[in-house]
Amino acid sequence: MTDTLTPDAPVLHARGISKFFPGTIALDDVELRLMPGEVHALLGENGAGKSTLIKCLTGAYRRDAGTMLMDGQEIHPVSTADSQRLGIGTVYQEVNLLPNLTVAENLFLGRQPMRGGFIARRRMNEEARAVLAGYGLRIDPAEPLTAYSVAIQQVIAIARAVEMSGKVLILDEPTASLDHDEVQLLFDVIRQVKARGLAVVFITHFLDQVFAISDRATVLRNGRVVGECLLAEMTQRDVVTMMLGRQLEARTKARDVGPAGKTLVEIDDLGKRGMMAPFSLNIREGEVVGLAGLLGSGRTETANLIFGVEPADQGRIALRGQDISIKNPRDAVAHRFALCPEDRKIDGIVGDLSVRDNIILALQARQGWMRPIPRAKVEEIAQSYVRALDIRLASLDMPIRLLSGGNQQKALLARWLATNPAFLILDEPTRGIDVGAHAEIIALIEQLRADGMALLVASSELEELVAYSTRVVVLRDRQQVRELTGDQITPDNIINAIATEEVA
Amino acid sequence: MTSQTIGPRPSVLRRILPQLVILAVALALNVAVFPEFFQIDFRNGRLFGNLIDVLNRGAPVALLCIGMTLVIATKGIDLSVGAVMAIAGAVAASVVVDGHGWGTALLAALAAGGLCGLWNGLLVAVLRIQPIVATLVLMVAGRGIAQLVTEGKILTFDNPGLIHLGAGTVAGVPTPILIWLALGALVTFVVRKTALGMLIEAIGINERSSRLAGINSRVLLVCVYLVSGLCAALAGVIVAADIKGADANNAGLWLELDAILAVVIGGNSLLGGRFSIIASLIGALIIQSVNSVILLSGLPPEFNLVIKALLILGILVIQSPRIGNYIYLLKASGPQPEPDAPASSPTKEETAR
Amino acid sequence: GFSQIGSESGWRAAETTVTKQEAEKRGIDLKFADAQQKQENQIKAIRSFIAQGVDAILIAPVVATGWDEVLEEAKDAEIPVVLLDRTVDADESLYLTAVTSDLVHEGEVAGQWLVDEMNGEDCRIVELQGTTGSSPAIDRKTGFEQGIEGHDNLEIVRSQTGDFTRAQGKVVMESFLKAEGGENICALYAHNDDMAVGAIQAIKEAGLKPGEDIRIVAIDAVPDAHKAIADGEMNATIELTPNMAGPALDALEAYLADGTEPEKWIQTESRLFTADDDNMAIFNEKKDLGY
Amino acid sequence: MIRSTHLPLLITLATFVLAYALCASAYPAMLSLRVVANLLTDNAFLGIAAVGMTFVILSGGIDLSIGSVIAFTGVFLAVILRETSIHPLAAFALVLLLTTAFGTAMGATIHYLEMPPFIVTLAGMFLARGAAYVLSTESVPITHEFYDTLQGLYWKIDGARFRLIGGLMVLTFIVGALVAHRTRFGQNVYALGGGEQAAKLMGVPVARTTIGIYAVSGGLAGLSGIVFSLYTSAGYSLATVGVELDAIAAVVIGGTLLTGGYGFVAGTFFGILIMGLIQTYIVFDGTLSSWWTKIVIGSLLFAFILLQKGLTWAAKKRAAQARMRTATGSAALS
């Protein structure tokens, strides 16, 4: 790639970056050129090496080979502090702020305003308030970070990175947990930063967003650069083909919901004070119920209540007409419920355990410790799901925390599918999953439904909900506000349902 | 000791190789200060020799570290084991002094230890008190309870059955050796032949996830502390039987630190997760070999602690993940030491609970 | 107020019991504070006693040094202080009197006993020391060495700490037996009886006869030692009386009544017990004292 | 402004006041100024060491070596003042340098060799105590007139003596609180405790901070050793066994989480006072036997932990309900 796409010299030019992990070549001779004043999308499947590249560039990982030039000068950041000093601000894939500090402390960690040798706390809080106001956040910066939702935390992380970046701003999947409105807000910020002449690296699996904001893209596949292109000259299809190395079959838009079976789960006035207003819901076999709502509307709470993560203090649940009591997840698993949680890092993976053990964990827990699953059976289950879900890994023995984010998500799905559940609850099943896998998961949900499973799926992606739901329940402020069925299920209707009473 | 069913891991031998090497070095040191170290003869109806002493004297720590390994695997720690030893010894002694048989005494001591373990387990699993603080309570109060039982004196007894547990022999082999070998084998077997081992590791690594996967983490946690209490009770009985008396003030004093050290020398992480009981047991033998070097060397006792500290430091440095990585690097041009995927979870990385 | 060190040994427990008995006998209201073997706790306890305004303070100091400051405060508050079983490195004006045995002397008596016992025969001695750094360990070692000085037939070949406990006494004796060879050891000197009792078991397990093959002398004269002597498994022990409080309280009562200044050092007797005494009788007498 | 983050501190303070009131109602003499002065003087060395321990625990670590370091410092001072004629102040400087270096070495081992603090400082504990033995097994008195001068410095009201070392402890706490809450180093300590990986990615100098923390702890243990030598005019290698556990208990009672990240230096101050109060109460009572003393201390420790748990739980519940009433997260976004 010798032809220059823009006349300027790159602000950051990384060449020949390689990174090896045991059993994996995560990056192989990767080149990345960032021009001043451009938004550069970094694209690729799950496990393609995007996050690893970012970590190598910012000194969080030591690279095995390669050079980095900033404004023509060779640089060697060996720690994130180094790269920050060089003017590279970064938001890593998972929110990386400190839950025990206040918002302002997080925002200013390492560069607090000082007076007379001491941190000027009041000034810090004032400045933090001012900075956040620029992002449309009117919150008290002296409150602890955890007082605010994940979305707000994400915005704070972005604000921190923007404040730190003098030359380059790197955002690794910043929009995964953001709503539409918040995404727009973020785009405004990116445009401002771009106007200041910074180079912005933007990683996401949402191609719409890529095309909405980015100028150029570098596409990675299996740790190699497969191309660098000007997005104005490309279509989404071209990009997908580049990423996957194959064509993605166009999906049939027609929704085929089929006949639903008998009522499987009846939920009556289930609720918990201080957490979720009582709600009722019936789910039949062969039915996918979608849960829609804004961030913080209570989708996760709904799922958690049903699964007994938080024991409900009122209401009842019946399974096939019989009342059952679910006081904790163990009861739920015993009744063949399954919940694939939203926050895979905290609620999902058991990081140091092997991928194999992670996959059979729930099944083993249900069988009890007295009846271990025989080795051969374990191997068979694990292998079959790795194949079925196309989980990319070096070996089944590797600790699951070493998998890329999207592959962890698939492994968790495998864990619950292995229990052969009657009722499967999925909370944001496609968060952080690449386009190819996204389509596969949607296909999988339809397959499971067709096989007669009952599913409850919470998601922020309306198109996705529309694609697979037989019914959609809309939540707002932790209350059920609408239920949409059949042809009512369109993105617009859902948005309307979410928004209507907003004025009230 | 056993093959595994669940959680297949690289062969047991490979896991414990570093510990074996260190043990060999420690024994070699013994030979260096005392050439007849390996000499074993049969005297007075029992095997007699330094090596037997290492195995025999290592018994209390070996027993403690069986339970401690499980506790540490759940990301916990049990500081109370020394005090529980004292309680169990005191209970056993007072029961035989009251004229009951040794079987009753053993059962009573185990019951007392179990109760202590249960208490710890409930504090940790139900009241959610951090393990180090929760067990600190019993560490402080437990010795008082033991003294309450013995009324502050050394309770001497001469029940031959009970004494046999600590000072007797079976076919010439001191009973404590057989007890810890048997218990070690039993617990390893139970933990690895069933799914318990994997489930314990899971809650140690990420308790929340494990609970959500349907694991009964509370009961498991309580059980683990219970086992630790039982192991401590057994160790306490052996120590009391060995000296034919329950010394509430001194029995098991600071042994919790030795047990924790044994587990760490066994290559188990204090942050929970993967564990190997066999490696911990070898760790206990390593510590006892170091003690043996000190005793056999004939140096003045002022130097005991310095020697022990230096030897242990050396052992741990050799085992440090960093050094391991460098060795790995020498062998194959592999990866450098570096952070793993960033952990954004609020669970703390660096804790010693 | 009585500030006791703790209850680290049977002897200490007996001292506590006897002190309480003595106080009761005299109708004294005794405030007891246990320091868990820590000097800082003892200092705290004494300060609290002063704050409470007790009439007199008894201390069994854990260590000789470091009492000037707090004793001065007691003197300021005009509270007489009596030291039990150990003196302190402080100005004599700061306390009323000290009731102690002579630790060095105890060691000397033990050494002397062995000198007489061996009567010029060669003897290789092993020594079980007390807790490293504690004053009884240091003084009893010194005393014993003085006792055998000039007798070239006696030689200490190994000396290790047994921490004053039975268990350690046994463990260390085992290693002595192996390192030296049991036949080559002729006598054991232990800084307290507990360690000797542990060592006796180790000797028996090695197939030797304690008291005959290896002569054993120790200090404290706790009931179990008398029993061992009666059984012929031990040869001698030197008494350290737990009744320090009796003389102390006598002195205090006299002082508080009419200001009689007692002597600065009331030394208790260091009596030697051997197989010639009626050890079973003494054992029965002592066994309920809380040892 | 009272914030939820300050809750543990307030709870500790409330516990202290409550406990003091209870003690005083049982023994009115405990209200005397003398008792207050004693609390400060007698706990001075523990308090100073506990400040260091607070930093260590805030960062998610632990330091088991401080008791031994205190003993080592005392013996070192006693021996050096006996053997040489250097001025105590010079000896103080020397020993502070030594203990700080010792802490630094432990911190470096923890960071660079990636070994758990529990184990490294455990080895440090053996090493420091062993070094003290090697210097002298006997207790060595210190008889320098400078020591007498320092000990003579006190402020006496009503027979209560507020001594220099008590003042030094209060000063240490003030400086410690300032460093923890108002300097970048302090913030970095909290950051490490909040999550080492996250802190690292946010650019916290992990190596420097970790080593600094253990250096501070070592240095303060040295200072505490100096105070202890002033307190007892001697150096004794068997002194202050188990002080690390007292310090940890004080820090925890003071509301700092052992997992790191949450807590206050000032909380530790009240933790120390509460522990001192327990001991004073036991002495005032004066009927507890050796074993009941242990049992009562253990039970009171448990009671405090429980009280803290309960109060924290109640406060959290209230906060959750308050949050439910106010706007949800996204409502704060415009």
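Couple of notes before you dig in:
As written, the chains take the letters A, B, C and D, and residue 1 is the first residue of each chain.
The rule is simple: contacts are C-beta pairs under 8 Å (C-beta built on N, C-alpha and C of every residue); 3 or more make two chains touch, one makes a residue touch a chain.
Note that the coordinates shown come from a computational prediction; the quantities given were computed from them, not determined experimentally.
If you tally contacting C-beta pairs for each pair of chains, B-D comes out on top. The chain with its Cα centre farthest from the Cα centre of chain D is A.
Separating the CA-averaged centres of chain A and chain C is a span of 71 Å.
Centre-to-centre, using mean CA coordinates, chain A is 43 Å away from chain B.
Taking each chain's centre as the mean of its C-alpha atoms, chain B lies 34 Å from chain C.
Between the Cα centres of chain B and chain D there is a gap of 30 Å. Multi-chain contact residues, meaning those touching two or more other chains, occur in chain D at positions 133, 137, 193-195, 197-198, 200-201, 261, 289-291, 293-294.
Counting partners per residue, chain A has 60, 92, 96, 99 as the residues that reach two or more other chains. For chain B, the set of residues that touch two or more other chains comprises 147, 152, 301-302, 304, 339-340, 342-347.
Taken together, the touching pairs give a contact graph of some other shape, not a line, ring, star or complete one. Every pair of chains meeting the touch criterion is listed here: A-B, A-D, B-C, B-D, C-D.
The residues of chain C lying in touch with chain D in their complex are 1, 4, 6-7, 13, 16, 30-34, 36-41, 43-45, 47-53, 63-69, 73, 76-77, 89, 131-135, 138.
Listing the residues of chain A that touch chain B in their complex gives 20-22, 51, 55, 60-62, 64, 92-96, 99, 307, 309, 328-330, 332-334, 339, 341, 345-354, 356-357, 361-362, 364-375, 378, 397, 401-402, 415. Residues of chain D touching chain B in their complex: 59-62, 109, 112-120, 122-124, 126-127, 129-131, 133-134, 137, 192-198, 200-201, 245, 248-249, 252, 257-261, 289-299, 301-302, 305-306, 309. Taken in their complex, chain B has these residues touching chain D: 77, 127-130, 132-134, 136-148, 152, 248, 257, 260-261, 264, 269-271, 301-310, 312-313, 316-317, 320-323, 337, 339-340, 342-353. Chain B contributes residues 34, 43-44, 46, 48-50, 53, 57, 147, 151-154, 156, 167, 239, 242-245, 247, 249-251, 292, 295-296, 298, 300-302, 304 to its touches with chain C in the complex.
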